[in-house]
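In what follows, chain A forms one complex with chain B and a second complex with chain C.
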Partner chain A sequence: MALLRVENLRKSFGGLMAVKDLSFHVEPQEILGLIGPNGAGKSTVFNLIMGILKPDRGQIFFKGQEITHWPTYKIVNAGIARVFQIAQYFPRKTVYENVEISAIPNEIFTRAIDPTPKTLQSCERTGLCEHSSDENRCICRQELPGMLPQGGLRRLELARAIGTDPELLLLDEPFAGLSHAEVDEISHLIASLRDEGQTIILVDHNMRGVMRLVDRIVVLCFGEKIAEGTPEEVARNPQVQEAYLAGGGF
Partner chain B sequence: MPLLKIMDQVFVIAERIVIYSVLISALYALVALGFTMIFGVGRVLNLAHGAFLMVGAYTAWFAQQYLHWNLYSAFALAVVVCTLLGIVLYHGLVRHVQRSPIVTLIATLACALLIEELIKIFFTTNTQLLAPFVSGSVEIHKTTVITNRIIAFGASWLAILLFWLFVHRARWGKVILATAQDQEGAALVGIDVKKVYTLTWAISGALAGIAGFFFASWVKLDPFMWRDPLIISFAIVVVGGLGSLKGSIVAAYLIGFLEVLMTYSPSVRVCAADFRCFEFLGSSWVGVSSLLVLIAILFIKPEGLFGRTE
Partner chain C sequence: MSLRTLKFVLLGLTVIVAGAVGPFLPSKWMTTLMYAQLFAVYAMGWDILSGMTGQISFGHIFFVAVSGYTAGLLNLYLKWPIWATVPTGVSMAVLAGLLFSVPALRLRGPYFSLVTLILPLAAARLVIILADWTGGELGKFGVTPLCQDSLLNTLEGLLSRLHIDSFRLYQYCNYYFFWVLMTAVGVGLVWLSTSRIGKILEAIRENEEAVEAAGINVAKYKIFAFAVSASVVGLGGALSVHTNEAVFFNSLLSLTSSIEMIVASVIGGMGTIVGALWGGFLVRGGEQLIREIAQWKLPIGAEGLALSFLERWATFIFFALLLVLLFFARQGLLPLLMGLFRQRRGEIRRG
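Let's turn to the complex of A and B:
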């Protein structure tokens, strides 16, 4: 059974059709690339899945259950997490506290579960540790997120997302604004998450950047799906090549 | 020696000003606490906050006077009623209009006026007195202090410290702080923002219940008593920096001190040719001082002493 299934999703803003009758699915442990030129509706799709925007029509199913009209927090607690293109951290909390808040169980009347191990694990998996004299122990960084470089902020976003224990991770342009070295670091990190069995949907406008990472690609153009398949199939698709040229080389 | 006598008098008055302002300021900080919390977390200026205090005060008075409850039970009832009132106001009204700050201001003000009218209907406009926890007074050096005010001071600080511990140490306190910083970000790590708001309104109500009880036993009860605490809260929160706990406490002490200072400052009487006289400074200017500080701060440092520019 597909982990996430999107059926006939439609969303328009005024006269602009941002997403037009889009259907796709993600299998467990798969990395799906969602690519398309700027303005193709990729981020809107993520906002619809996360319940930040409500679709005009269509349905979204997660693990067979319809989540189309659920509020964001409920979708997160069901097991979907999103990493933003622009880091959405809590500015006055340290890196540690930022990760910790995602690891805290969010029910008033639950047993108090210590969020520390999960916090440290998230920091460790995303390389946000500062190592003490004891080399094997990870201590999450204690500085404010504003002090981190772009790559560090992207790691923080990932750590916060992982802290919620997601079964499905949505990555929105994880390489945008990064230096070459940082792109390598983050793509290495995503590859290691994939190897651990994490299901991921990866949005990018640059097809080359995601080719090596993804199992399957869905190509969007003006809110419509124009192609779907393995990276090789999609690269050979004439319609995609045309959109490539028209879109100024995405 | 007349000079020594004058010096002695000055010291006695200075001591009195310090002691009285330390006591009243703690109560002011408690009065403003719930107000600053609601603003800090939900960006809502709850103009019904003063009315919350009034409901707490009248509940305790009613339980004492008509149900013949002892003071402790009456106090507990006031806190419970105000907690529920906070939750009801949030879910019944604020939640639906929160998106528009102007509508929220008008709606909460209307609530305060509604509560005033209801109290007029049920309890008339007569002034009532709330029995204190402890009667009598004590001497601190050369200053006589009403014992109940020391109790109010202690209770205020205890409530403030417990609140601080909750926000910074407890799991849900951390969740509240996160929501205060970024609501969308909070939802994206799985926090139910509505639940957080419900909790903050409940806590704000409870704090108003405690503050209302002590405020009433400090001054008196009447259907207009909600105005002073609201103005005090407003001034404290603006001066301290909207949403800052530390700022609120510092501002409470600043305003409390100025008020007491004004009470003891000699007044200057200026009379016009037609014998109409005006008084400057002195006890009639008590309420003016906090508002002047408020305006001054808005000019010099609009984000408040400990505020953040957003």
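Let's turn to the complex of A and C:
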């Protein structure tokens, strides 16, 4: 059974059809690339899945359950987490405290659960540790997020997302605005998550950058799916080549 | 030392000082500080909602009024005893808070603040329209006192060796009632604000989307904060009616008080609770202090002139000083102190 199934999703903003009757699915432990030129509706799809936007019509199923009209926090707790294109963090909290928020349960009246081990684990998995004299123990960084480089902020986003124990991780342009070295680091990080069995949808406008990472690609153009298949199949597709050339190339 | 421990230490020191100075206070100051303690409760109540989550309420006096008028009128007309009026008043404030917060929290920023500002304005009109019952702007006397004769007699018996006159004893009774209230509210709110719930409230102030993305129901936490906040200021309001022995329009529905709650919290450090408590004392004590200074004997003959001048200008000077404080110590006293403390520690570590 598909982990996520999107059926005939449609969303328009005024006269602009941002997503037009889009259907696709993601299998467990798969990495799906959602590719398309700028303005193709990729981020809108993420906002629809996360419940930030409500679709005009169509349905979204997660593990067989319809989640189309659920609020964001409920979708997150069901097992979908999203990494924002522009880092969303708490500027006056330390990196540790930023990551800690996802380790705190949603219930107000519940027995206290110590969020520390979970927080440290998330920091460790995303390389946000600061190693002390004891090299084997991870201590989350204590500085403010504003002190981190772009790559660090992306790690912070990933750490917060992973902290919610997602079965499905949505990555929105994880390489945007990063230096070459940082792109390599974040690719490694995503690859290591994949090797741990994490299901991922990866949005990018740059096909070349994600070819190595993804199992399957869905190509969007003006809100419509124009191709779907393995990276090789999609790269050979004349319609895709045309869309990309018209949109300024790969 | 963890932040929680530090805050409890600071809170402890403050309430110990407030408790210890009681017997040495001249009568006028005892009244001032009694009301300062009540006001500190309001400021802390404001702080747990607005200071922590950043949803700035300009009309928190409304919840004081709901609780105060409920308690006072039930006592005046239906002769309910204090043990029934106070919980009922608080419950009504919480109910009002819940009814208001559910639609209001959809609003963001200035819209939310504007709506909160309209609440006490509307309530004030209602109190005036129903002046036959509420006493309107003049208020209505005859509410059962918090410190009843039986309690005072018991106290007199206990403290007979100290030879305290009965008016003074009455003042002591009210002063320490509010001292207990302030201490209890302070302990409760410092605990809450440094718990995981407090962490989430603070995170909401900094970035709501990120909190929601972490799987947390932001609306639920805001409504919870609203209920706690309304219950705290409501408790203060209901008890104040019984110490004033009257429902006073000016103490239950004063817009100035509503704004001063914000000032108190900002001066002390928004979202710090202990800072709001300090701010409460500064705001309520500060004005009285300027009046006192105005009455000091001046060595020169121009005494009389200076006195009347300063007395008339006291409130203005007080507000001007508040402005200066807000301009130059915007982050507030407690964060300022903690900043200094951290710097010192850093220097020691480096040195």
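The rule is simple: the second predicted complex is superposed on the first by the 249 of 250 C-alpha atoms of A that agree within 3 Å, B and C clash if a C-alpha of one lies under 4 Å from a C-alpha of the other, contacts with A are read in each partner's own complex, and residues count from 1 in each chain.
Definition applied: a residue touches a chain if its C-beta (ideal position, glycine included) is under 8 Å from a C-beta of that chain, and two chains touch if they have at least 3 such contacts.
Note that the coordinates shown come from a computational prediction; the quantities given were computed from them, not determined experimentally.
Peer 1: Quick check on the superposition: with chain A as the shared anchor, is it clash or fit for chain B versus chain C?
Peer 2: Taken together on chain A, chain C would clash with chain B, as the superposition shows.
Peer 1: What is the contact status of A:Thr164 with respect to chain B (first) and chain C (second): first, second, both, or neither?
Peer 2: both
Peer 1: Across the two complexes, find the residues of chain A that touch chain B and also touch chain C.
Peer 2: The overlap between the chain B and chain C interfaces on chain A comprises residues 50, 71-74, 76-77, 81-82, 88-93, 97, 100-102, 104, 106, 108, 112, 115, 160, 163-164.
Peer 1: Going by the contact rule at the top, pick out the chain C residues touching chain A in the complex.
Peer 2: Residue positions touching the partner: 196-197, 199-200, 202-203, 206-207, 209-218, 220-221, 224.
Peer 1: Where on chain A is chain C touching in the complex?
Peer 2: 50, 71-74, 76-77, 81-82, 84, 88-93, 97, 100-102, 104, 106, 108, 112, 115, 160-161, 163-164
Peer 1: What part of chain B is in contact with chain A in the complex they form?
Peer 2: Touch residues, chain B against chain A: 171-172, 174-175, 177-178, 181-182, 184-193, 195, 199.
Peer 1: Along chain A, where are the residues that touch chain B in the complex?
Peer 2: 50, 52, 71-74, 76-77, 81-82, 88-93, 97, 100-102, 104-106, 108, 112, 115, 160, 163-164
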